[in-house]
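Order as written gives the chain letters A, B, C, D, E, F, G, H, I and J; numbering starts at 1 within each chain.
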Amino acid sequence: MLFHVRMDVRIPRDLPEAEVAEILAREKAYSQDLQRSGKWRHIWRLAGEYANVSIFDVADNTELHEILSGLPLFKFMEVKVTPLLRHPSAIREDDT
Amino acid sequence: MLFHVRMDVRIPRDLPEAEVAEILAREKAYSQDLQRSGKWRHIWRLAGEYANVSIFDVADNTELHEILSGLPLFKFMEVKVTPLLRHPSAIREDDT
Amino acid sequence: MLFHVRMDVRIPRDLPEAEVAEILAREKAYSQDLQRSGKWRHIWRLAGEYANVSIFDVADNTELHEILSGLPLFKFMEVKVTPLLRHPSAIREDDT
Amino acid sequence: MLFHVRMDVRIPRDLPEAEVAEILAREKAYSQDLQRSGKWRHIWRLAGEYANVSIFDVADNTELHEILSGLPLFKFMEVKVTPLLRHPSAIREDDT
Amino acid sequence: MLFHVRMDVRIPRDLPEAEVAEILAREKAYSQDLQRSGKWRHIWRLAGEYANVSIFDVADNTELHEILSGLPLFKFMEVKVTPLLRHPSAIREDDT
Amino acid sequence: MLFHVRMDVRIPRDLPEAEVAEILAREKAYSQDLQRSGKWRHIWRLAGEYANVSIFDVADNTELHEILSGLPLFKFMEVKVTPLLRHPSAIREDDT
Amino acid sequence: MLFHVRMDVRIPRDLPEAEVAEILAREKAYSQDLQRSGKWRHIWRLAGEYANVSIFDVADNTELHEILSGLPLFKFMEVKVTPLLRHPSAIREDDT
Amino acid sequence: MLFHVRMDVRIPRDLPEAEVAEILAREKAYSQDLQRSGKWRHIWRLAGEYANVSIFDVADNTELHEILSGLPLFKFMEVKVTPLLRHPSAIREDDT
Amino acid sequence: MLFHVRMDVRIPRDLPEAEVAEILAREKAYSQDLQRSGKWRHIWRLAGEYANVSIFDVADNTELHEILSGLPLFKFMEVKVTPLLRHPSAIREDDT
Amino acid sequence: MLFHVRMDVRIPRDLPEAEVAEILAREKAYSQDLQRSGKWRHIWRLAGEYANVSIFDVADNTELHEILSGLPLFKFMEVKVTPLLRHPSAIREDDT
């Protein structure tokens, strides 16, 4: 089941640099594991913004929330979820 | 080059049914041609809304505008364009 | 899987009264069938507004969209969907 | 009498971890007591957000305010109240 | 139980003048009956706007909705309801 | 002359508790003096919010501003003023 | 007593040209009479918009509303009123 | 050339009182000098808000920006500029 | 003197095609005359929208308003004006 | 390929003055290098605001993002990107 998720990141200025680096490294590993598993289908950067748009393919709302709330950056993000489904004009097998 | 496009459709009530059907048929063909060509990479329906989120892969802003303004439904749509790029954590070849 | 849906109804003034009555009768039957099936878990009116807040329990986003887009009033509604899940503090069996 | 309440939680970063844990424990107990009493009818998590949507069944506006302003997390919440009533299409006894 | 209600009126231009006059006369009688009964506690005009702010004193949300949805102008209004209660600093007996 | 005023209070977390208590005590006394004088006609709490809606009866805009900017909590408030007048349907003597 | 008023004009396209001309002529006369009387202190056009910002000097809210609701264009305007008072840094006699 | 400027002031709580007093004194002198020169045509306080609406009469956009960015309070203000011109119904010589 | 202007065009569906074509032809000629004169410095289309962003170089606010309100499409546009000036980092002669 | 970018700058008050000066100097050099290269086509200040509107001419979205995210002030800016293209009425060679 597909979800469109937009994440805007706001890292507080007073977070020690080393801590930021460590969180970002964990975030990247976490994201790439989920991409490899197929649950995090797509991720794109928005030009000029510290933000991404992603497509998730998960079993249900609960799994989506577990993934999102487990993000190392979760507490520094504004997250907006929109449920998606196959468009009647879609031709790609994997747009479902 | 990738763009995120959200399209919200508002078909006027007083458009004759046959005209609506004809426009929707042309819209579907137009979209599927572009999907086959690879320019319209993804299209998803938003649950509960007469709207879609799409990803376009075009040469430049001009081509994107030509495609969007050529949509049979263009005059009945609100369109919002956001330029995308590869995310540093992306692992899929085709998220670029 | 649970979804929170808010529906705001705007019936055009120039719709013939008989047609409105017929649509509303179909809407009520449609809603009550889905309530009986358990898919439309709850429905409440908002005080002072021609609107409702509902909770749906469906298999997935696709089923939710089919139900909502099949509403006799769908073309006269603004619909907003929010995916829900069990709250860690919930004690009711059926808040899942 | 039913009310729809949305609560968005923003816990300040500089609150000591032990204090946060203690507040959250009190919040959970407070909520579950009210759920058991029937006054806090439903509570659901919103996917991807540190927020909940709840349905309260209280005697009046005053009791609702006492419950909400007594929440251990109240000072860290944005709260939005919407009064509800039975929908004319509702069939469940307890949607009143 | 007190509610704060703001009503913004938008009468369509194509409504025949006689019909407007008749609706406004019914609206006034309806409002004054409720004022006399004590249920419509206060009503004020907003300077420069075709709108009012009112205070209702009703048994519950259901009675409030019945009153508001029964307004002859209801279908031409945008209505916003906010539940009120006694303020801890209030000294007037009738601010409850 | 009547004014509708909404006040939303945001007390900073780092204000010492004793200072908060002292400000709140002064705020209450200030408000009750003005209520007794008839200038602060009504005050109500909004359910679920640290906010009030009030009706002031003052000589002019200047007096209103002096009263509001003299509030002990003024620097911690967002204040919104709307000028009111007698509604043509009002029947109460004191809704003027 | 001074008020800041912004008026945005939206004349419906289907209003006959002669009727528009007649309304505009009456609007101009009405405004100029009030300017001559001193009640309509200032009026300025906003660059690029069919809108004005005006300063009124009236006895009270009621007189302001009578003036504004008496505007020949009133039903085609969106009006926003903000009460003003003398600024503590003002030096002009007539900024009061 | 005339400009409408709204300035909302937010002085940070942790600014030392003496510094605030000194800035406010400079702000007042700065404003009154410009009022005397005729460049700062009008200034009014908004009832209930720490804000003003002003009319500037300057040679061009550059001069306006120099004046505004030179305000001692500039870094603590939100400023909104709207270009004005003579209204076709204006009768005062100095509304140009 | 430079101004940033955004124009969003909404042509009503019921305008006869020939009338639309005639207005658009006049609009184009009007714009190109002003571009040749140097007053309309730049004009760009926004991708996916029936809108443009333009830069005007005019003597003052009055000239800007005359140009904008003289646009053949003016009554079908939403126009937003923002006054510009030379940026301290600019190096181009003609960014003034 | 052209992009319209609006940048609003918010420099935190607690940044040491020397650090601010150093960042601003680097920002200016960075911007002027890009202006000389032709990639940063235009830059204008907005009257009364610590903000600019700029036009970029870059190869693609990726280059735009690299330029913007490399701004010394990037972490203190809100950035909004809008893709542009040649307007059908444009006559200047360099509005493409």
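One rule holds for everything that comes next: a contact is a pair of C-beta atoms (placed from the backbone, for glycine too) under 8 Å apart; a residue touches a chain by one contact, two chains touch by 3 or more.
In this text, all values refer to a predicted model and were calculated from it rather than measured experimentally.
**Q** Work out which chains are contact partners of both chain H and chain J.
**A** In this structure, the chains that contact chain J and also chain H are I.
**Q** Look at the interfaces C-E and H-I and say which one is made up of more C-beta pairs in contact.
**A** H-I
**Q** For chain B versus chain C, what separation do you get between their C-alpha means, in angstrom?
**A** Comparing mean C-alpha positions, chain C is 28 Å from chain B.
**Q** Between chain C and chain G, what's the gap in Å when you average each chain's C-alpha atoms?
**A** Those two chain centres are 45 Å apart.
**Q** How big is the gap, in whole Å, between where the Cα atoms of chain D centre and where those of chain I centre?
**A** Roughly 51 Å separates the two chain centres.
**Q** Would you pick out the residues of chain B that each touch at least 2 other chains?
**A** Each of 2-3, 45-47, 61, 64-65, 81-86 in chain B touches at least two other chains.
**Q** How do the chains pair up in terms of touching? List each pair.
**A** A-B, A-C, A-D, A-J, B-C, B-I, B-J, C-D, C-E, D-E, D-F, E-F, E-G, F-G, F-H, G-H, G-I, H-I, H-J, I-J
**Q** Using the touch definition from the top, list the residues of chain A that touch chain D in their complex.
**A** 3, 5, 12, 61, 64-65, 68-69, 75, 79-81
**Q** Write out the stretch or stretches of chain C touching chain E in their complex.
**A** Of all residues in chain C, those touching chain E are 13, 45, 47-50.
**Q** Please give the residue numbers of chain I that touch chain H in the complex, ascending.
**A** Those residues of chain I that touch chain H are 1-3, 60-62, 64-65, 81-86.
**Q** For chain J, which residues are in contact with chain I within the complex?
**A** 2, 4, 27-28, 31-32, 35-36, 42-48, 52-53, 55, 82-92, 95
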